[in-house]
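Written out below as structure tokens is the structure these notes cover.
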Amino acid sequence: MSLAGLDDPLNEGPPTAPTALAPAPVGRPNNSFARLVPNVVLIVAALFFILPLLALARFAMQKVPTVLWDWDTLFDKWSLKPLAVAFGEPEFWPAFRLSLKLAAGTVLLTMLLLLPTAIWVHLRIPRMRPVIEFVTVLPYMIPAIALVAGIKLVKPHARWFLNSDLSLIPFYVVLALPFTYRSIDAGLRAIDLRTLVDASRSLGSGWLSTIGRVLIPNLRTAIISAAFLTAAVVMGEYTIARLLLIDSLPPYQRILVGTDTQAGFGLNLLALLGTTSLFVFVSVLTKKRDRKRKSFAYAATQLAASQEPSPA
Amino acid sequence: MTDTLVVDGGRTAGAPPAARRSWAWLGVLPFFAFLFLFLIVPALSVFWNAFDTKKGFSFSAMGEAFSGQNLDAFWFSVRFSAGSAAVGVVFGTLLAYAAATATRPRWLRNTVTSFSGVAANMGGLPLAFMFLALIGKQGVLTKVLKGLGWDLYSGDFELGSVPGLITVYSYFNIPLMVLITLPAIDGLKPAWREACANLGGTSFTFWRRIGLPVLAPSLLGGFLLLFANSFSAYATAAVLTDNSMIVSRRIGFFLGGDVSIGENAVGFSLAAWMIIIMAVSMGLYWVARQRAERWQS
Amino acid sequence: MTTLDFISVRKTFGTTVALHSFDLDVREGELITLLGPSGCGKTTALRIAAGFEFADSGAVLVGGADITRTVAHKRNMGMVFQSYSLFPNLTVAKNVEFGLRTRNVAPVERHHRVAEMLELVQLTPFADRYPHQISGGQAQRVALARALAVQPRVLLLDEPLSALDAKVRTTLRDEIRRIQTEVGITTLFVTHDQEEALAISDRICVMSQGQVEQLGTPTEVYRTPTTAFVARFVGSMNEFRAEVTGPGEVAVAGSRLGAPGAIGFVTGTTLSMLVRPEDLSLGDGGLLGTVTSVTFQGATTLIGVRVDVFDQLVSADIGQGAADHLQMGDRVSVLINGANAVCEPA
């Protein structure tokens, strides 16, 4: 798993495209040579990122062995069939189902744990926010490989709990924490939490009702983003699963390559496309939310301003 | 945004501040308890074992984990992680700059940011297979290059070597750097550039005395983040190569066998050292990031 | 002789014409303000002077020398930007020193000059602070010091007060004027705030849509606006429907009054007559209306009157005494003095 959950200093959430407000470019190259360099960089970058993908696709879908691979055989024997082979394998479905269960469980537990905590922090102890933010960096200080070492040690002491495959879920919650906390935090900052809560409470709504009927619908984007990101993390998590001998999808992705290389590559290609689309979806969602938020925030401040002196 | 709003929904408005505050802390207790149980406890047990505590306190395992072949492994891992971070910083910044200053076509910047957001998270197995497919022994690019006269594998290059790992890890390190650096580059106000020119400075003057110094915390922070990212990666390395000089793989080897606590103190020491290195890098990253944000507002 | 001249400067951005054919002579030591709404071309003109944009055609001269094609960093002009132009990684002193360093001035002289400049803007104790540790107003003073440190030939100010609080704005604008006269530097000041322009300029160049509407002293521009645009933009105006009844004479709701501004219009034409609040007074025989607001301003009182016949709100600046007992709802009669009115076809 990468550390990409940390990168955004604007705290807009996990690495999705920051809303591009097209600022005036600084130091825009003025002469034609200087304009050439950025373009060359972009083209080389594009190649570097697309070629491996194409290579994977080729191995997954083209039945021509490398030895025979040449200009004349470039377009021979491409077929989508190898992608489907995995689905026919007996071990695939249990592995896939297990990963789905783990993902679902992780999402659920994350929401149960994070939503109340994040709301509480925003409402009651805003001063603690930097502390919590730092705490969400902790999972990076204890990377998966080290974490699994610890888990192995603790396991014999809690056999009743840790024998089930689903015992992985709390650890996955920890692993996904940087992404999910950021996502929910960004969502909370995009809505005027204080005002919504006060409005809802003053109209007679209790806490649970406020959370369920007011806050959660307004946090939809953040929650869905967090859920998708978690799913992507869990569906791709290999380290802990492999070392604890759990039969989830990623270990199977590797095993299949050993038994049927092409089908294995095909499966990995599909997995890649799957997690990628989850990230893309999240990115689209948050951009839409940020664009809408600007008008919401404006309306909210108008409303607030009309009722009381604006906070300093 | 004021943070003096340590008021609750008006219920205990009359309560003395001390009581109010301590009550509020209880709300985050479940969260901290959870983290403690599922993150801190395993980490602590790693250290517990690394110090061989069953037999009393001893540094010997930690020492062994940092000498001989293990030390070579740490050195190897630091080398490829630093190299990977350096490549990521340089190319990521260049790419971010190219994207930030491109005005036509208009979709370019958004495409780069969206793609980076996705690619930065691409680690694990598919990444390894992508590169195996591209520049593995049977890779398509390997074949093309051989045709052009350059045999990648003529020397002792392999995907698990330093250059190999640097290449593969750049796939997520570069986008990660782009994501970190773009906001920083956006934060370089046009007025600074113009003021510099107005006061007689050239482009070079600007970058040397203002641009790069202002970007420095972001660049340094980026380096640290990329370093930590590369150092701790396991899945990709596990598939790419058998090289036991990669510390994360090494730990995996130790853990792969049966957990016999006493004998594997060295394995846990390796993990403990890794945690220490990661904690230091991420701690420094955090500091650098706070600095960088100061200049972005 | 550090004069600044624009000669028939034309600039287009794509299909928009920012400046049609801009001519302006800024005399030595003078402070001229380019005043106008956004999009009028004032900022473009300034940026062309600074060298951040290049004119499509025409010329820019400084002290008689043609700098039209000279690159920005060789022009030796001082510029103060709207906001955020201080280099964040340098202290106040190092910011001020920047231009001196690029000119390779010796350290001793640099320190001396920086101290002098900080003294001029009264920020000496702040020398070692960083930009994020000082207020907006202080930052602009540092920016001014920085621009003047290199003894430029011309000083350019791009809406330097727009980003500041109202109170800071007034004190700082007087500061800027004081320093400018003290140093005696030829200055071009851009703003959209007419009050600012009236307060500090030697001359004002009112602009609209890439053209110069009027160039004159503050008094001229205020008292005798030559176009309706200038009349409306500078100060506030009341607008009346009037009919020309003779040379220099109009009728407003039936009553005739003299209006030199109507000379040249054919009898019978309907005009829009623009009258300043201070040219309205209370007295019998005028337009009847109801008082809607009374704002005491010290020397004068501003009253809003809803005039019956037009159902229109006018404001009248009434001297003390005449307005003493007025209250909302009172019935009054408003007299118009057409001596300074500006007329345009309705």
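We call the chains A, B and C, going by the order they appear; numbering starts again at 1 in every chain.
Keep in mind that, in the parts below, a residue touches a chain if its C-beta (ideal position, glycine included) is under 8 Å from a C-beta of that chain, and two chains touch if they have at least 3 such contacts.
Note that this is a predicted model, so its numbers are computed, not measured.
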| item | value |
| --- | --- |
| Topology of the chain contact graph, where touching chains are joined (line, ring, star, complete, other) | line |
| Inter-chain pair with the most contacting C-beta pairs | A-B |
| Distance between chain centroids, defined by C-alpha means - subunit B, subunit C (Å) | 54 |
| Centroid spacing, where centroids are CA-atom means, of subunit A and subunit B in whole angstrom | 16 |
| Junction residues of subunit A - those touching two or more other chains | none |
| Residues of subunit B engaged with two or more neighbouring chains | 189, 192 |
| Multi-chain contact residues (two or more partners), subunit C | none |
| Subunit C - residues contacting subunit B, complex | 50-52, 72-79, 81-90, 98-99, 102-103, 132, 143, 146-147, 150 |
| Partner subunit B, residues of subunit A touching it in the complex | 1-4, 6-10, 14-18, 20, 22-29, 37-39, 41-42, 45, 48-49, 51-53, 55-56, 58-59, 66, 69, 113-114, 116-117, 120-121, 123-128, 132, 134-135, 137-154, 156, 170-171, 173-174, 177, 194, 197-198, 201, 232, 236-239, 242-243, 250, 253-254, 257, 264-265, 268-269, 271-272, 275-276, 279-280, 283, 311-312 |
| Residue numbers on subunit B that touch subunit C, as the complex places them | 189, 191-192, 194-202, 205, 209-210, 213-214, 294-295, 297 |
| Footprint of subunit A on subunit B - complex, ascending | 1-3, 5-6, 8-9, 21, 24-25, 27-28, 30-32, 34-35, 37-39, 41-46, 48-49, 91, 94-95, 97-103, 106, 108-110, 112-127, 129-131, 133-134, 138-141, 143, 170-172, 174-176, 179-180, 182-186, 188-190, 192-193, 203, 206-207, 211, 218, 225, 228-229, 232-235, 238-239, 248, 251-252, 255-256, 259, 261, 267-268, 271-272, 274-275, 278-279, 282-283, 285-286, 289, 292-293, 296 |
